[in-house]
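Look for chain A in each of the two complexes below; its partner is chain B in the first and chain C in the second.
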Partner chain A sequence: MSISLTTEPVSALLAILALWMIGVTQYHTTVVLFGIQTTIVGALAAWIGWEHKEPMLIGVGAAVILLKGIGAPLYLSYAARKIGCRRERGLAIAPPIQLFVAGAAIALLALSHPFRGELPTTAMPSIDILFLGMLFMVTRRLAVSQIIGFLVLENGIFLFTVTLTHPMPALIDMGVLMDVLAGTMLAGMLAFRINNAFEHIDVAQLTELHG
Partner chain B sequence: MNSLISLAVYAVNIVFAPLLLIGAIRKMKAILQGRQGPPLWQSFLDITKLLHKGETVSATAYWSFNAAPVINISVLTAVALMTPWLGIRSPIAGDLFLFGYLLVLAKFATSLSALDSGSSFGAIGASRETAISLFSETAMIAALAAIALHSHSSSFSVMFASGHRSLYAAALSGLVATALWMASMADLSRMPFDDPTTHLELTMIHEAQVLENSGRNLAIVEFATALRTVVLIGITARVILLMLPPLSHIVQYLVTIVLLALGAATIAVCETTLVRLRWRRLPNLLSFAVSAAMVACLVAALRG
Partner chain C sequence: MIPFIGLFPIPLIIALCALLINRQLVLARITAVLSCLQTAVSIWLWLPFLRASTGHPIVHHGFRFDCTSAFFVILTSVVTAAAMSQAVSYFAKELESEHKPGGRQVGQFYFFTAMFLLSMYVVVTADNLGFLWIGMEATTLFSAPLVYYHRTSTSLEATWKYLIVCSVGIALGFFGTALFYAASEHDVALRGGSLSIEKLSEHAAHLPIGLLRLGYVFILLGYGAKAGLFPIHSWLPDAHSEAPAPTSAMMSGALLNCALVALWRVGGIMEMAGQRPLVLITLLPLGVLTVVTAALFLIKQHDLKRMLAYSSMENVGLMAVAIALGSPAGFALQALNHSLVKAALFLLAGSILQQYGTKKLDDIKGMLAAQPAQALLLFALLVAVAGTPPFGGFLSEWQILTVAADQRQISTVIAIVAALAIAFIALSIHAAAMILGPLDKVSKTLTAVRPSATVTLLLAASLVLGIMLTPAVVAAAGELTR
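For the complex of A and B:
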């Protein structure tokens, strides 16, 4: 299975979307950007499946678009509305510095090119997305934002497996997708519970004792 | 294309396009706000009126106060003659770094005159404008440098020689145009960054710098600002043109005019619907422009 010419620019576009999300502090915008990114990932998977006559991959792509690209954002924005949070309450690192750090890290990774010859060129954007999702998760203080960061990270892993020269069996992709969705649901529930118990979902303040 | 024709086209446009663009922005803003608004040529009348008025110059002002508008207009005319902001080849060969440094020189003269006038608002404005240009100039130069990297030359005539074909080049132009647009809006003190119509002391940025100018000086400053607006929007339009297949000179010129009008419409819509951002949040917004430009440079370096 060879990497076609369009896969590479689309992967790069996905990495740019992830970079954009890093600088956004408005929760609603983050969710919308995440939905767009996931939908493109799913469409890319379906397109690769179409190109290589693998109906199972098309199915996985459709499932990703429906469940993770549309379902998860709807559920998360519903959860955020219910809890009543609209904007980050101060990040661990200020957004401009985060953007520059992320940009510099991506540039260093791309220019040093550590896996030359061993991995296809699309591996680089996938690793970027993985890193950006992790950065997103670590620097946000709202529990619902951290779920988004986790999902972005998972997008990177999915993109990595889908664009590999020898792709994983679709069954495993499907299983991972289900796990991630179950995780999202559980994390959303947990955010509700934290909100009920603490009256906020700021993880930086969870260590304080409540009587 | 004959350079004499190019010179004629540029000369005519430098005289008329800037004030017409400002008039168009005002007119569209007025229509969007449900007012009738001044006619398109109102800016010409304003400039003529200002030229006939007397001047008041602060007693503390040194010669640099009067020199600043002259430096501004001459530098910007030179920039306008060497930048392909009309979509066709410019009469004088321009260079990316010369372009950057000349724009900074004009800004430096304005800031100096603002400090020179002795008004405390001038000093506030100068300090704010300089702080913002830290980001906006970085983004502008880095964005154009991405195209320079792609075409292996910093000369404008080579950078914008022909439309690039590949998907990467189109994506590159998109990123560069985004970064350039945001940087230009910050540079021109347009809406999410600053409100050009406000004269409230605590919020204005660019206006505070030119507050002390009156009469002929004010006319020159206004024309220079209009020229800067049209050149910066024009160069963004030129970058967008790179995404299209190569066109003939006349079509390129006409498309650029349409893009300039679209830019004016975008500014009008932004100034009607958006609110001015808090001063402390400007670096957040501008860092998007800088990182878009940096990513564009990276794409150009890897795929150029």
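For the complex of A and C:
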């Protein structure tokens, strides 16, 4: 019981942070918000590991805080500084409309509340974060923003796996984390190359290949 | 565990050589020999499992030792060995060209190829859905640098699309995996949840259906993106056409199978849960649409490698149909034939591109007059990949169509037959334009080349499969993926 008393408000807080990111166009702010969100989710995982007496999960939580919560934002803001982009221009959908869409979708999800009793209550905010991450990805055009959207989406799934009644095996979470970090490194490097090759990192303009 | 661990030493040696050896051709030759050795090793280690078709699969530490694993491990090794053997002459030609690749560039190529191979082994042998996912994401991460090998702006675009589409796709697949885990927590016998395919299938009937169904849809989206199923196929023609020839061969001949094996295994869980209808109504239309879309795109192709990529997509669609219909023989035979022929085609296309210096179909002309042997080989391969007798592809496609007709999926049969006909005509027209036609400026300067032994061998294998295939072999192939 004591676990869900903590996980529920924390999950809600994480979803609110994700919603906040949708409304922000300053690149630096989104990176900071993402860092805060990831650090909280990592701390939550470590705390759940402590409660379940699972040292491996504590380790995963610590790794998430250090590598994904602090390391990845530093790397991404370094990449953005090097490339020289500060804010999103030309979003596919304006932030207020995005917020409206996101809010409406979350409200619908909360009202319909599927799988009551089969999933823990934290499943709802996890799915919200997953959805918000995807929305972030499809509406941003900067390569580095898309990476952030992907990582937010991943945070939602991670939150889902650790707040299950029996958290997913920590070995799997660790493997997933390593894959995600390697993917972030690779995508960051490609963003540099995109900037050098095209003098922009607007992925909407990558349209040479078609048909 | 020994058959699994035994797959690791040789690729790790290749990776080590790639880091240490700075001379491109020495490295290429060493890898060619080692990858042929790897094929021998994987046949030696896995053949016993291929034979033992009955009884429960052996599961150890989250890996499965059954027919399906054995079949795809061996197939992956064979395709890799073919690609690496051909890579020697590919890099020899590259070194003569203007854009001479540096020692480091080739070293990176071999390093990532070795790791790519290892991650594919993990995918096809995994029994734990988590390991399966980790392996699948690793295949994307290790093959993305290979797609970017040429360092051009188009290859950069292809790599970016590939990385983002596949990563996001399979991130959704991981959510599906987590839903399966959440479902398994409701079963007392599984005590606190399980990700094992074996255990999930065993207890599938007692798991909450709603969660399983939702999980399946997410997994289908995720691994379907990786397999290049319509409508998440946009990355496939880009990545397969921009990658260097040996990588294209491995991606088409081995990597696509990996994603389909994952769908096959998860489909098995759903079947045990009594959810066959869900698999049928989701995967079957996606498969048929993939075949039809690919056939239509084949008509208007201007690029040799893109044409081959769309043909791969068509075959993926056929395999997805086989999986949806629950036809193990159709799936196994189609995978086998497609892997052999498509690997051969991409390897041959690689050397044609190097000779003509272009990928444009319009600029490749008069091959029969300039290089008769190679022209005949190309013709035979294109005919084989279109599913014409006497090659193996004909019988596997026939098998899939019979199963569909048996299950009264008449609209599926009609759509597939129409799409296959369109694809055949499109491929024939493109082939005729390349092979026949007058000699032009470029083809006049070409000298006749000896057709590559690897490509010829792969074609011969497909021919043997087509001739040797009797009902008994079909039945045996059905046992393979049980």
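In this section, the second predicted complex is superposed on the first by the 204 of 211 C-alpha atoms of A that agree within 3 Å, B and C clash if a C-alpha of one lies under 4 Å from a C-alpha of the other, contacts with A are read in each partner's own complex, and residues count from 1 in each chain.
FYI, contacts are C-beta pairs under 8 Å (C-beta built on N, C-alpha and C of every residue); 3 or more make two chains touch, one makes a residue touch a chain.
Predicted model only: the values in this text are computed from it and were never measured.
Legend: residue contacts after superposition of the two complexes on their common chain; A:L19 is shown touching chain B, with no touch to chain C. Applying the stated contact rule after C-alpha superposition, one finds that A:I194 touches chain C and leaves chain B untouched.
Of the two partner chains placed around the shared chain by superposition, chain B is the only one that A:A110 touches, whereas chain C remains out of contact.
In the overlay built on the shared chain, the residue A:Y78 is in contact with neither chain B nor chain C. In the superposition on chain A, contact of A:Q146 is made with chain C only, not with chain B.
Between chain B and chain C, C touches the greater number of residues of chain A.
Counting contacts by the rule stated earlier, no residue of chain A appears in both its interface with chain B and its interface with chain C.
The touching residues of chain B, when paired with chain A in their complex, are 167-168, 171, 175, 283-284, 286-288, 290-291, 294-295, 298-299, 301-302. Residue ranges of chain A in contact with chain B, taken from their complex: 5-6, 9, 12-13, 16, 19-20, 23, 25, 94-96, 99-100, 102-103, 106-107, 110-111. By the touch rule above, chain C contacts chain A in their complex via residues 128, 130-131, 133-134, 137-138, 140-141, 144-145, 148, 153-154, 156-161, 163-164, 167-168, 171, 174-175, 178, 181-183, 185-186, 192-193, 195, 208, 210-211, 214, 237-238, 241-242, 297, 300-302, 306.
Those residues of chain A lying in contact with chain C across their complex are 114-115, 118-119, 123, 130, 134, 137, 143, 146, 150, 153-154, 157, 160-161, 164-166, 168-169, 171-172, 175-176, 178-180, 182-183, 186-187, 190, 193-194, 197-198, 203, 206, 208-209, 211.
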